[in-house]
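So, here's a batch of structures to check.
Below are two complexes that have chain A in common, paired first with chain B and then with chain C.
And then the complex of A and B:
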């Protein structure tokens, strides 16, 4: 707090740069037809710097809110109208950020290694893909489907509970035994769910097997159509672009909700129990923490997040197949959590952003260059994503096990204890 | 299905199941020995198995087949080289990815994550080496390799020489391992380290060397299993390790992790049950439930064993070390 004098300057600078970038993005929409696509990248990077400084600088709260809201809710959607690639990447980042935050509860907070996280994601995704598309007509008579897209908001809580239930059911036998087994059981579960998704097309066609399930895009019944259609008519922006923007805002709000929820969890009684258990199971048990119940809550919470995000994923992407939920997907999410920092909420979001943009922007770009240089296609980096996850996992564990943005826990201070501040929550 | 069909298929299914079970047992030994010494699941073991298979097949195809030696002799050379390479790889992995973590006494989660990373890394490096457009390496079948497809009719069942080779090689390896662990000083040292690291180091055992040796033996067994697996299924590929690795771990838990006879018993039971399920489920349900469901049978078994007998069939329940 010594540099109080310099604080207003930085805050003003941040607000100013946010406004400037907003103006640039607006000009870009107006000049859409005259702008080359490569001009968009520096603007997006400018946005990212804004976000970075908003989180790294010690600026006033108002400036932070202006920067975050300005960039996330105004800047990026505006860029999306010019070039929808970045908006798609942003949507994917948000979906994966929310999922990694869920896995972070299991691995980061509670210290349980879950290697089949994609299974819960699959539960949610199939739930919506089957009932939100025409697939359910295969086994439910009456041609009732597809359901109205707005029912997705009812399916999100349903998937939340279904996935949590699957997680609890599976966790119950496993969590009683030593933690090492959990990793392998969840690995097996991931495989089981994939086998089921691949083979449940007979005797009754539930999952459509390896061909996957497609939700036909339909402007009238798609989620949020009641906002998207009038908005698209009023602004003249094509429907699907408007829809993508709406989805972006939706997933962004979901991430916000997940961040608030997990940070509240982290500072709650159960959050402290998780940390205690993670650090030393025996000591935690001696302090009266019921191990199985505490583990089960962590496991089911993480699973429920993945289930809910699965519904959103199916709704946004519109097509799923069993290979979307293989072991590679689980390790991808794990790599995001480990890269950002186990137990660190900003870290995990950061990790998701890095991994997704690496996959969808950087590697694609490198593979394009390789194509231009006529190098043999076996060096195309987009097919070696597992290699990248592997390197991330090993090197982070060896060099920086706490991740890029390590988790902060406020140590209990004696003076706080005396004032009874900490005691409030402990009871 | 008719009783005739049921019993007609039974002998060959049992033989097949036992041979698969023996291979699972060989892989499971790698998990169980490392777990016995370090209490740590070496997730990269399934990829060591894969590397052994690929090395063996590549060696056969590129160097040994042109020599025109007897295929069994070629196979023995391939197995020895694959075992050496896989063992060396296991030691190298321990050195790079696990030892730095063990030295600084990291929490348990850390080496597990590092091991997962190693497994992913090895798969993709192997894909890069073999060319991802066509990463499968078929086991030689032409010419003198007809030998392995020939049937030996025992009256009640006809077994091909692939299966017989698997039986003989695994039995020899297991006998060698049992001798090493139970009747040599080295084996005694391994058992001592598994029981108590600090006390055994006080007794003059170089714990670090024993850990390296354990990784080497486990890796070599995995490599041999890899070559046999490629022989049995006719192909080696970078992604072949995942499912057998998972099954072998299930076998290790089934028998009681850390126990060497347990790994063998677990492997045999798992191989048998899974093959029976894979054969009879589709037959009994008129193909409504496919062969793929045998994987679910295996993991169902794993979950059941963890509920009812978490220490495994031959393992002893031990309290957590504090």
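And then the complex of A and C:
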């Protein structure tokens, strides 16, 4: 690689920067009671810069791993001990990142515009909220619920398959249409699921209707209690703060698994079939690719990730209602994918991070500042959040129409073969 | 007979695009289908490959009926094709385009791909080796990592052939393989088509407008006009058939003139 050789190797710099940021964060924990909370923000930004440097600089693999592991698995949880807001945001980012990776399979790889993606998220979330809380007692006799929180680990794979099944079921009749028509049908089906959630409270109360379902927090039976309780006793960190940290580690691992899944699919004949289909359906079919089946696989894969993340979302947030899964939510996830870069795995994660932190940190901060300006009372700063959000999205798309980190396919290469085979003469 | 089409008919509304055409392809031959624009040649191809279902008639390949099969199923049976207006996967590299062609011959399942197990690895390896072989065959090995969209026109046509070959066909349908090529490229493509039959043992059916190509490489020529087969036979027989000359040049052009034009070539 000649062009990368000209860049200086900054591995040591990156490792040093990671360690410095870690030390600052550690000092902050020790001095927790003496420092103002707004000191936390620059440290978090320092972490974010480290992540950016790790992906943008010319650094060795080891340095990259040090930076990512250092920031994601050590730095951010440490921040979480002093200020749980950032940890909450990080958990939300991870949940949405995993979901946008799923939508990226559908829209980015296979080129099927899905505007009802939040429906699958709802399937997973309701699955856990109903059985992990007391809601299931409404229609199953015997006062068996809530289930033990640790069953969440069984519900994640269950939701994976249920959502994949729902995806296949919804996909089967609609995947014969393409483009704009598919988008409209998925939009409709997405709304159907939301309306179902809204109305399945009679005659049997399954979803509790528009009031939503709550899971009462309970330190004894909550998910991850088995590790959170001893850790919290040992360190003296309050239970719920420790639990949030554990959730964070869990969702982070799930994101990692999703990244591995999707990139492996992308580099197999299935991923190539998706891209081929996106490029030219007629030619793809002439190459022996069964269109409906291949589309269904993409659809179900995307749906299954959303289902699994729905379970985790319900567990972390503890309260869901049908409006969490409306059309706006679907477009929000789509915005993460398009903003980050259609078909680009790092881009999509980055897109999720940007959209979530915009919504939960930046816009909130902006409207707080606007609120300080002594404007007339009718001027409600929160109303301007959506405006600013829209302006930011539009300007980003004008500046970078292919997304923040445009997709770079990692194509198959003959160099993947061993050298002997490459050199071998062919008849 | 490798391919046996009997009285195939395709009607679009009131238009009879293919009118009871009977067409037979023996193994390891090169058969050309010619005819003026709009004669129904591409529709005929689309009927064989399953893009259109015939209104009536019989299409048998290797002794089995192709009626009712989807295009991908026809491909799996052993018929590959190229397209008149090149349809490559532009965002993929040359090598990947060929790998896509191997889709139906690869065994990697969803689970194999996620687990990166031995099936996956063996499959990818076999795919790369076969792709290398095919790219060498059409002379595109050194362009393997370029995006298909960036290849020059003639190379795109050759890549389409390599991609079609990756499906391991017994029969390949080429829709105007030399369209838009200069004389050198045309000559190279002619040579390539011959090698398809002679080296790879593949039967070739081609639609072609360049009469020099048709007359020199075909074992047999079928002529369509307004959806109807008007002539069939050895190249020199078809060339001198008055009906064929009329279809191409219109009534009034004397018999024999067409033959001269075809041999002279420049006027075609």
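Operating definition for what follows: the second predicted complex is superposed on the first by the 373 of 427 C-alpha atoms of A that agree within 3 Å, B and C clash if a C-alpha of one lies under 4 Å from a C-alpha of the other, contacts with A are read in each partner's own complex, and residues count from 1 in each chain.
Note that in this section a contact is a pair of C-beta atoms (placed from the backbone, for glycine too) under 8 Å apart; a residue touches a chain by one contact, two chains touch by 3 or more.
Predicted, not measured: the structure shown is a model, and the values here were computed from it.
Touch criterion met: A:297 reaches chain C, while chain B stays clear of it. In the superposition on chain A, A:261 makes contact with chain C only, not with chain B.
Judged by the touch definition given at the top, the superposed model places A:282 against both chain B and chain C.
Of the two partner chains placed by superposition, only chain B is touched by A:331; chain C is not.
In the superposition on chain A, A:269 makes contact with chain C only, while chain B stays out of contact range.
Of the two partner chains, neither chain B nor chain C is touched by A:238. Once the two complexes are overlaid on the shared chain, A:398 sits against chain B while remaining clear of chain C. Residues 278-279, 282 of chain A are contacted both by chain B in one complex and by chain C in the other. Across the complex, chain C is touched by residues 261, 264-265, 267-273, 275-276, 278-280, 282-291, 297, 409, 411-414, 416-417, 421-422, 426-427 of chain A. Here chain C touches chain A in the complex through residues 49, 51, 70-73, 75-76, 80-81, 83, 87-93, 95-96, 99-106, 108, 110, 112-114, 116, 120, 123-125, 127-129, 131-133, 136, 144-145, 163, 166-167, going by the rule given at the top. Residues of chain A touching chain B in their complex: 107, 111, 113, 115, 170, 173-174, 176-181, 183-185, 187-189, 191-192, 195-196, 198-199, 202-203, 278-279, 281-282, 327, 331, 334, 338, 342, 377-378, 383-387, 389-394, 397-398, 401. The part of chain B that touches chain A in the complex is made up of residues 39-41, 43, 96-97, 100-101, 106-114, 116-125, 127-128, 131-133, 242-243, 246, 249-250, 253, 287-290, 292-293, 295-296, 298-299, 302-303, 306-307, 310, 320, 322.
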